Structures are given as C-alpha cells and as structure tokens.
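Heads up: the structure comes next, in structure tokens.
Chain IDs A, B and C follow the sequence of writing; residue 1 opens each chain.
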Amino acid sequence: MIRIEGLSKSYGDLPVLRNCSLEVGRGEVVVICGPSGSGKSTFVKCMNGIEPVQAGRITIDGEVLPSKPAAAARIRSRVGMVFQHFELYPHLTVMENICLAQIHVLKRGRGEAEAKARALLRRVGLADKESAYPTQLSGGQQQRIAIVRALAMDPIAMLFDEPTSALDPEMIGEVLAVMLELAREGMTMIVVTHEMGFAKAAAGRIVFMDHGEIVEVAETQHFFAQPSSERARLFLSRILAH
Amino acid sequence: MNYAWNWSVLFQAPYLGWLGQGIAMTMMVSIAAWIIALTLGTLIGILHSGASGALRLVTGCYINVFRNVPLLLQMFLWFFVVPELLPKAAGTWLKRDLPHPEVVTAIVALGLFTASRVAVQVAAGIAAVPRGQSMAAYASGLSTLQRYKLVLLPQAFRIVVPPMTSEFLTIFKNSSIALSIGVYELTAQTQQIQSFTYQGFEAFTAATVTYMTIALIVTALMTVIERRIAIAGPLARG
Amino acid sequence: MSGFDISVILHALPFLAKGLGLSLALTAVAMIGGLALGLVIAVIRLSRFRFPAMLAALYVNGFRAVPLILVIFWFYFLVPLLLGRPVGALYSVLIAFVMFEGAYYSEIIRAGLKSVRPGQWQAAQASGMTYLQTIRLVVLPQALRKMAPLMVTQGVVLFQDTSLVYVVSLHDFMTSASIVANTQNRIVELYVFAAFVYFAICTTGSVLAQRLSSGRRHAY
C-alpha cells in the first residue's frame, strides 16, 4: 500500500531524516514513536509529499509520488492527513471545511459532498456543529472534524501527526475513540503519537525513531515486552513511568 | 499674534468654488490611483509571496524601486523624463495630445507608488497565515491556484484590511504631492487662495478640516467593514 | 535632447552635495526631535491621566490625518506670525517636521511599549517603581529592540519626505537637482541621477532596518 525507500532529508547542514525505509500493508495500523526531535513528524509529512525530500522514493498504491510538491496533488488527495494543530480553515464553517476539497479536488457536487459530510459528522457525534466556525469549538471537537474532513475524501490510508498532543487531557479520549473505531474498520493508518495505550490497543507494528533514523520496527507485543534496542528501552521506561 | 481673521473669504466667489474644485480633484485623483494601486499591488503581493525565484526577484525589484524613491521625484520622472525617453511620436503624444496630462500623470504615479506599498502588505498578510494551513491544503490535494483562492487569500484578506485602511488614508494625503506638477487639488487651491487674499490660515483650516473629515469617514467605514467580515468568519486574534 | 550628458552632473556636483547635506541634516534633526517628542507623547498617552492622554491622542490623530505639504504650509506662514518677525523658511520647516514626525514616532513607541508583557509592568511596579521608572528602566529597554527597525524604516520615509520642502523653495537635494535641471536644460540627467542617489541611500536604510529586525529574532 505505502512503500518508503531510502528517505533522507536535511535542513541545510542539519539532517532530519537518514535513509528511512518502511512498508505498510493494506489495513495495517502502524504507530511511529520516539523522543521529540527524532524526525517522526517530518517523516509522516514526507509520506504524502507535503515536505520535500532530498533522496528516496515513496510509492503509494503502486504509484511513485512525484518529487515536486504541486505535481503530487492527485495522489495526495487519496491519502488523508490529520495535523497536530487541526488546521481547520478558520474562515470557513465546519460544513465548508469538510466540503472544500471534495468539491474542488474530487469535483463532487455540493449536495453529494454535504450528504457525505453529514453522514460522517453523525458518526463522530458532531451532527449539530455543521454551521459552527472552528474557533467556536473545543480542541477535541476540532480534531474530530479534521478527521471527518480527511475521511470525506474516501482516502485509501490516513496519516496522523501527533493528533492528540495539542489537546487538553480530558479531550484526548474522544479523539482516540474515533481513531480506534477507524482502525477496527480496517483503515490503513500511520500514526505519530505518544499515546502508548492507543498503540497497544490498535497498532500491529511499532516504529521507533531517534535522531532521524528508524531504530526499530517491531510487532506491538514484542516492542512493549522486550524492545531490541537500548534506545527504545530507555524511551519506553521514561514514557511509561508517567 | 497679529492676524486679521476673515472667515467670510472662504464663502466668497471664486474662492468657495476653488475649494470645491480642490476637494473634487483630491477625491478623483486619490480614488483613481487607489484602483490602480489595489489591483496591481494585490497581484504583485501574491506573486511575491510565491516561492518561485524569478518572479520573487522581479516583484521584489518593483517593490524596492518604488518604495525607495520619493513620490515627488517619481511624479517628476513620469511627467518630465518619461516623455523624453519614449520614441518621439509617443513622447509628443504624451506632451501635446493627452488630455489633462498632469492629472493623468499624477494618477499613474500615485497608483504605481502606492501599489508597491499595497504589495508589501498583501505579501505580509499571506505570510501571516499559519504554515499549517498551507500544508492542510496541500494534503487534501488542492492545486496551488486553489490553495491561494480558497485557503490563503480569504484569510490574508482579513489580516490585510487594517493596514489597507491606513494605505487608503495615505493615498489622500499623498495626492497633495500632485500639486508639484500642477494639479489643482485641495492643498494647491488653498495655497492659491492664500496668495490671492493673504487670508492663508482660513484656507489652510478649511483644508485641514476636509482632510480630517475624509480620515474620519474612511476610518468609520472601514470599522464597519472589519466588523462585517469578522462576523462572516470569526478568526482567533493571535 | 541627445545623449546622456554626465558632465552636467559632474559640474553641478558641489551644488548638489550641498543640497544633499541639507536633506540629511533636516532628516537628522527631524528624527532626533521627532523621537524625543514622540517619546513624551507616547508616555502621556499610556499614562493614567485621562485628559492629557486624550490631548496627546488628538495631537497624534490630527497630524496623521493631514498631508505633510499642508503642515509645511501651515508652519511656513504661522511661525513668523507667532514670533512677530520673519525667520526664514528653514526654521519653520524644521519645526513643522519635528511636530509632524513626533506624531508618527509616538505611534511606533507606543506600540513598542505596549508589546512588553503586562507581567513586566506589574513586576516593576510591585518592586515599588514609579510609572516613569517602570518605563525608563524596565519597559523601554525591552521595547527598544522591537522598535529599532520601525524607527529606521520611518527614518527612510522621513528622508524621502524632506524632498517636499521643494514647495517652500528650500535648497535641499531635490530642489537643487531641479534647479540644475531647469537652468542647464538637462532634465533627464538630473532627475535620473537624483533618483539613483535617493534609491541608494534609502535602500541602505531599508537593508539596515531588515538587519535589525532579523537580528532581533535571533536575540530572543
């Protein structure tokens, strides 16, 4: 489904990703974790080409992602993305946010787009918010709507970049619940997160990154039971101590 | 202070008429120049905010040249120098056949000058839209054109309204510089009343009050507009 | 007109240099005077004294609503009348520029002072400082870094604005260039040359302002 080969990227002299490779199959849920500054966020943003890379190849559903960001638009529209800070468009209502790319990228009619949006809003329990503006909603509500916005494009896979780390603790649960349900339905998901509970419950494999490198890829149970690398062990002991 | 005030001068012919003509000319030159400035400046600002190297350079040059030469000198350049540099026929046409050459020149010069200032504000407004918005638009597969039209510009527009208000006010003030190439706008007319009647302060007071009134009306109008667009889409003010 | 005659400019160079000297001197005086006046106005506007603050606001908004040329005319006729004797255009213009720039600089300074976090004001006042001490010792030093680039940018605008003394026939750089252009009948050469000089000086100022503002970003 998604194949990443030899991805490298640097900002000037500063390398942020070094020769990262990963293959994710259909219906698989992969969690990427690691200390902050390990490059995991950049890695997931490179997967649909919104961050340009210096070397490496990304294949999505058999198609190689073009290196020019603008040229990759069509493939990108098939991969949903959820951001740390939601990135709902503040000048548009919830409904308009969800319909924008459906209408302008997928060329759906307004009626079809709105019907799709309503169905999805009902599923995440926000049917009554369609005419609200993002700033009128809580963080948890905004993030659930951002997920709906991505799902409305009928994506073949979903990328999540720390979807709960900007949320107040009491709102994390409602977002994770939606993600968990998606995982159960068989959505292909790549999730950057520190929520180890979610990882244990949903992920098939864990990718551990540090200093721009993929240090370890392991089955979820193996990773938590006995990680093979020292760095992952250290990371886990710190994060699970909380 | 030894000065014989005589406010009735302002209401005598032909001085009242001069003031009226001056106000009309100031309005006309400013608004015509603003149309040029807004159109051209927005275009240049958008192009300048894009990543493309060559376009950035060209638009950057425009902005720097027009911002770093005094407007008075720019008026002189358009009025006295450009006709000399053009092919002979075009130069002669500009000097002889163009109706009201000083007014047209003033509008063009003021418009092109203000366009550079508008461009800076537009580019800054687009840059002020958080980077994540661009990324979200990219991620959903919107094209560059769609990204600007649907996501970046509507947000930049709201950011840019307050500085645009002050640019719009500035264009009325700057239109007074057109007097240097012989446009009889408000300041020139009051100066003329001063030299005819020696009752300068009455005339200057009238002009000052007029400029302040324009400023008040524009500010009030823009406050209404700002409130309108704020209701249409509440934006968290950072 | 045939060809670009550079010798005209070379011959007139001493005269033009004198004009440029006046433009720069005018800029310097207006900037120093305007900053001083602007600081006073800004401090009054932010103070708790309602009435003086209102007067200061009136001053600022009044000057900002009117074109500089009109202000120059006002003072050109007003100053000799107030003093009861002719003083020459230069003094009237200097006063006009200082008063006018004071309004603009006060807005830059006020915004700078307001940009300092309220906690800083509270901390200073909690330690027993007076309003003026708080501004002088705590707020102004922090605000200065933020204001510096805007002050330089305003200086560039001011330098360009000095060309407007053309309307009262003071021999600044612009007027000098115009005089040579007309007496020698070499309009193209002189105005193009003048444009280059203004462009070079103002670009230097703009680059300095940019340096200051990017330097600030690294400082914090």
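Methods note: a residue touches a chain if its C-beta (ideal position, glycine included) is under 8 Å from a C-beta of that chain, and two chains touch if they have at least 3 such contacts.
What you see is a predicted model; the values in this text were computed from it and never measured.
When chain centres are taken as C-alpha averages, the shortest distance to the whole-protein C-alpha average belongs to B.
With every chain reduced to the mean of its CA atoms, the largest distance from chain A is reached by C.
Chain B and chain C have Cα centroids separated by 20 Å.
Our note on geometry: chain A versus chain B, Cα centroid distance of 46 Å, whole angstroms.
Each chain gets a centre from the mean of its Cα atoms; for chain A and chain C, those two points are 52 Å apart. For chain B in complex with chain C, the touching residues are 1-3, 64-65, 67-73, 76-77, 80-81, 84-85, 169, 172-177, 179-180, 187, 190-191, 194, 200-201, 204, 207-208, 211-212, 214-216. On the chain C side of its complex with chain B, the touching residues are 1, 61-62, 64-70, 73-74, 77-78, 81-82, 84, 156, 160-161, 163-164, 166-167, 174, 178, 181, 187-188, 191-192, 194-195, 198-199, 202-203, 206. Residue ranges on chain B touching chain A, taken from their complex, read 130, 132-133, 135-136, 138-144, 146, 150-151, 154-155, 158, 233-236. Chain A meets chain B in the complex at residues 45, 48-50, 69-70, 73-81, 83, 85, 87-92, 100-101, 104-105, 133, 135-136, 149-150, 153.
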